[in-house]
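The letters A, B, C, D and E name the chains in turn, as written, and every chain counts its residues from 1.
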Amino acid sequence: MDYTLLIVQMLNGLQLGLLLFLVASGLTLVFGILDFVNLAHGSIYMVGAFICASLTLWLGNFLLAVVIALPLTGAVGYAIEVLVARRLYDKDHLDHVLGTFGLILVLDTLAHMIWGPAGITVPLPAWLDGQVEIFDGAVIPTFRLLIIAVGLAVAGGLFWLVNYTKLGMLIRAGASNRTMVAALGVDIQTLFALVFALGAMLAGLAGMLIAPITTASIGMGGQIIITAFVVIIIGGIGSMKGAFIAALLVGVIDTMGRSFLDSGFALFMSRDAAETAAPAVSAMMIYILMAAILAFKPQGLFPPKVR
Amino acid sequence: MLKMNKTGWVTLIGMAALAILPPLLLLNGQAFYMDLATRLVILAIAAVSLNLILGFGGLVSFGHAAFIGLGAYAVGIPAYHSMWGGFDLIASSNGLLHLALAVGVSALFALITGAISLRTKGVYFIMITMAFGQMAFFLFQSLEAYNGDDGLTIDLRSELPFLNLDEPMQLYALSYGSLVLVMLLVRMIVNSRFGVVLQGSKGNAERMVTLGYNPYVYRLTAYVISGAICGYAGFLLGNFTTFISPDMMHWTRSGELMFMVILGGVSTMFGPVLGASIFILLEEVLSSFTTYWHLPFGLMLIGVVLFIRGGLMGLFKGKGE
Amino acid sequence: MMLKISNLTTHYGPSQALFGLDLHIGTGEVATLLGRNGMGKTTTINSIMGIVPASGGSITFDGVELVGRASFKTANLGLGLVPEGRQIFPNLTLEENLIATASNHLKQDNPWTMDKVLNMFPSLQDRRKFMGNLLSGGEQQMLAIGRALMTNPKLLILDEATEGLAPLVRQIIWDALALIRETGTSILVVDKNLKDLLRLADRNFIIERGKIVWSGTSDELRADREALHRYLGV
Amino acid sequence: MKKFWGAALGALMVSGALQAGEVKIGFVSTLSTGGAVIGNDIKKAVDLAMEHIGGKMGDLDVNLMYSDDGFKPETGKQVTDKLVKQDGVDFVAGYIWSHVLLASRKSALDNGKFLISTNAGPGPVAGKLCNKNFFTTSWQNDQGPEAMGEVLNQKGVKSLYIIAPNYAAGKGMVAGVKRTFKGEVLGTDMTKWPTQLDFSAELAKAKASGAEGLFVFYPGKAGGAFMKQYQQSGLKSSLPLYTAFTIDALSLPKFQAAGFTDVIGSQFTGHWDPNLDNAQNKRFVADFKAKYGSYPSPYAAQSYDSIFLIKSAVEAVNGNLEDKDGIRAALEAVNYPSVRGKYTLNTNHIPMQPWYLREVVVGDDGVWTTKIVKTIHEGRADNYAKDCKM
Amino acid sequence: MTKLPLLQVAALRKSFGGVVATDDVHLDVNKGELHAIIGPNGAGKTTLISQLSGALMPDKGSISLDGVDITSAPAYKRARLGITRSFQITSLVMEMSVLDNVALAVQARKGSSFRFIKPARKIAEIRDEAMTYVRKLGLRKRAHEPTSALSHGEHRQMEIAIALASEAELMLLDEPMAGLGPEESRLLTDFLLELKGSRSILLIEHDMDAVFALADRISVLVYGRIIATGTPDEIRANSDVRHAYLGEE
């Protein structure tokens, strides 16, 4: 076993997992408190990436662009809440799925019209563009370390927000009993819109962080949203802790599958057959994981106490 | 004169139009519109099958496209082997074998995935069915033997007694006839003792349990029936396109099927057919105007969800119906 | 009059629950709403709070019309609700339940604080870090009252103030209500324990099938044997 | 719905009427989704070609119809069906993606149409599934990487790691480089296509394998993403990169905008370059730059060629589009001014043409472009021609 | 009246988090007996019924019906063994007609429902029998209306009709009078009186008039525990009950 490779791949898995967590946390937050299935969450991730990419090229500074793009993405989320989502809360999940499916088409096509199909490559400042040698031979790109750091910081921040601030208490309270929260004098509609915007910002941040790696491109949302849903379902919908653990689980399993499945298969089949079979199984792996978990825990790993 | 309500008339007129117009167009040399109608009718069968569990069973399956794909591959794989050799066990161009495989494999897949999925409820059910659909999608995407996600082009169609599916008119006749039969079948099931239990479980599962019914087995049965019918639609689709790709199973396809059912009107007989028709025609018309046709299409989707309660068939419903 | 309800009607879908209800509470008063199960007591309270929209009539609070007003805006005028079934947030700790919705929109002098609430209900002291769903019924009821007080209401509304509680706990609640009354807060209370209620109340309303059929002071009610029997089954 | 059918019926009667003096060309490309990066460049080139021929082929007006395949085989087949059956085109051209071409070819060929691929060249259409009416203005997929394999041999690279997307063309590319590369292949990763854009795990594996070189194939936007990550992983010195169809005039402007100087000096193989010295190419590149402000991509060049190829065939039969044999003979003759210079067709209708080693350079105008380093070979048959029985 | 216990409940306990909903409940219902359970809101009455019907599984204790242990049997099996329940909050299939709702109960005991061919609404055997129950509860005129169109009182009547139609030996009735006016309540009370003796009934009810008029025996549930069981007169006289439940000191 090549331990250097193993550790590097663990870090890659961690990075992917944390990125997934950023998307999934917004999703689970919105679902947890609003009981709203938002398939278009991935499109907001894409919008965040594009806004940040454009700003980076315009301002010539990635970090500054992120700082400006975050509230802008939040505003997009707020607008979506007011224009569409708000009208869907009272309907059933089926309507949520269809309505936000339509929203995906709208947002993706708009992005295509505004930014073109080519996507935008996002330049990084030199100090982020290099590599870090963690120990002998284990080198990973600086920017990926930054993603890990930001991901952990956001996870910590969310944990603090949800558990120790008044807003967090209201979010939890709203998740269990909206009527009572309103009856005690809290403007629940504004609270909902805020939560929605916060979710949008989290997804947007994920998009901004991935753009310097994979470029900002149309269609990027549709790819991540399903994985993000898998994450929150595995974790238990509405559970922040569940989303965190499931995101890391999915990130690591996916990366490990891509890394080691072929050599694993090669132990009992030909190299060629292994290289053919491995991508197949690794693509299905997270779905198999999800089906297996739901078969035993129909509410995911950490089902929320209420509802 | 038969006494009929408004929905009855809409159904009759719609089905008559589907019976008469496409052949007329074909005879006028408009082969493309015949193709369009064939695709429409086949997808309508799939939509009707989805409606059985979605509309009457309250089970929102977000992975139904997988059955279409399974049915199509049940045609493609034996045909492929009968053309290029290998895997003699199923290498065949016999349509009846294809048909049996399509229905059998779909039913089996429905039984296994349904048994697990139906343990969950609500949004979990939506998502786990989607996950199973994606599993099938990725499985076929990576089956190198059948060209993976490049898809399988087959140069022959199923050979059936009395029918030549290479003839567009006969293929259409088969598809249309199948649609009528499937609609009648679903209506029969829905009105049967099994059907009322299924609908009762949708309306109030708790009550059904206290009466001594176990909703799980009724739902699973309906899920299997629905999957088998949808697999049959896949059998037709495979024969129609002679090109079969994992794309047929992608989650967005399942979303489109759901949209057809909702657009037309859930738990109505003709609703899914109407929905499929509008969907196919809109797609055709909008995409001929602009590359950005997904924009108006998406807006319309949102509009339907927000404003048209009960789908288009709801507009025809009189009071007390 | 602080709260004035006139000719209030409320529907649940097609079925009507309130049929022209009239009720009023003055500043600093304690009023009761009495009646058998299913007569519309909770519906009346939910209509006041905007949880269930009224379909007709008028509710004014300090002259402000409440019908058609969003629930949270009504609450922010100074109405504090202790709902039926307590409805503690189960996934919040006792402390968090108190803090989460705390406010002082009316800028009341000498506002309620967590310490004050805990002083009033000392048994809650060592439960501060307990999750809401792990509290006993009595503790939940005390918490629900504390939670409403933390919004610094001018009118405290209690739906089934002592239902299902042990006598000892009940007494704590009654004592607390007396104390709250001392601070000048008005109270509208629904309960079945006539004896304790009447000791506390200035004014009593009996509801029967969505209408007020009797009203008067506690002494008048004690004296009216027939009303007691007919409407309350006592 | 009845209304619609009625209206449609009426409209069709009119449009169905034969319009004389017209050659109809259906052009299938990718105009939506991320794949439209290439599709739009192709469209620009074809529009330019139409301009250059004045919208006429001989005496006939050209009626050019674009269709969007949506980056999906199934949609590609549907739009091809429509072009053939409803629009009654004489030629079907285009196709970027091998899987789309494979799905669509039957619809065109079964109806006796000429099908001209302007990019995709999967193995089967050159071999088992070759057809007398199928032509291409590009190449067979494996040929670029085959040439790259030879370059690697010449450079003395002993071991190689390969990363490519898991679809028809990706598999062809991998087969190609493995066919000619004489050293050891230490590992092959086939990634999800077109969804996977993060290659961290694969790059880490490639590095750990200790290979002397890394070969990749990522067309379109995935190429940009890959290059970016290759740079970020700092492998340039330890694991040199060799590519096919990954760096092109579409990705270079983005790299330049992002100040990604590492890409300068990268080498890859190709059969065409904007610097090729012939009159047709000079006019094409100059006018393309003048009109669109960027260098054309090889996809654009091949597609530009396709219009001139069709024109040569239509003129050879004097506009008699019923003369299928005449058209076919003319297409086989390759008697048109190609931007790549003179070339011939093999028996399976795949070009036999020179392949070059190209390199990214800063152009005279400061815009990043490519130049030819050397000629790898002067023209060879592809590997599948032997399977073709026409 | 025979004194054979039909339902026997021993040491039943169920808690949610830290709250004990039912605690060491012992209870039996004899054949043909009408046994009422009274107690303040939140005392655990509905939780008890849910455990008996199988909607909730108890933490501890045992339940047996006619000597058969059913402690861990799923709800639908208990229903087949002869327990039916009505719900405190009306629980009906709102989309279906009144007659359909009742017919479902009849159908449930007329052989397997895995019948796909014959239209359920054309099977006279089921429909006629269902109609007799509909008629019995005075809903003849509304039989073909969608359930959602009926009033609250009519819904309560439907609950009873369905419980009857299931012909269960033991009927668990959870506050059948809730939300009924005095007139409706009296009609229902009369109806139950008529029924008495032919079925075993476990009744939860707040309407004391009804309870004392109907019950053979009464159990008082407070804080999840049964503090007394006895005849109506015994209960009236029980000082513990007066103290704990009726609020007298």
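FYI, contacts are C-beta pairs under 8 Å (C-beta built on N, C-alpha and C of every residue); 3 or more make two chains touch, one makes a residue touch a chain.
In this text, all values refer to a predicted model and were calculated from it rather than measured experimentally.
Between chain B and chain C, the least number of touch steps comes to 2.
Shared contact partners of chain A and chain D, listed by label: B.
Each chain gets a centre from the mean of its Cα atoms; the one farthest from the centre of chain E is D. Mean C-alpha position of chain B lies 43 Å from that of chain E. Centroid to centroid, with C-alpha atoms defining each point, chain D and chain E lie 75 Å apart. Centres computed as Cα averages put chain A at a distance of 32 Å from chain B.
Contact of a single residue of chain A with at least two other chains is seen at positions 112, 276, 279, 283.
Residue positions of chain E with contacts to 2 or more other chains are absent. In chain B, 142, 292, 294 are the positions where the chain touches two or more neighbouring chains simultaneously. Taken together, the chains touch in the following pairs: A-B, A-C, A-D, B-D, B-E, C-E. By the touch criterion given at the top, residues 54, 60, 62, 113, 116-117, 119-124, 126-128, 130-132, 134-135, 138-139, 141-144, 251-252, 255, 258-259, 262, 292, 294-295, 297-302, 304-306 of chain B touch chain A in their complex. For chain C in complex with chain E, the touching residues are 14-15, 36-38, 84-85, 90, 130-131, 133-137, 160, 163-164, 166-167, 192-196, 209, 233.
Chain contact summary for the complex, chain D toward chain A: residues 32-37, 39-40, 166, 187-192, 195, 197-198, 200-202, 204-205, 207-208, 221, 224-225, 228-229, 231-234, 250, 254-255, 257-260. Of all residues in chain A, only 166, 169-170, 172-173, 175-177, 179-189, 304-306 touch chain C in the complex they form.
Considering their complex, residues 53-55, 74-77, 79-80, 84-85, 87, 91-96, 100, 103-105, 107-109, 113-121, 123, 162, 166 of chain E touch chain B.
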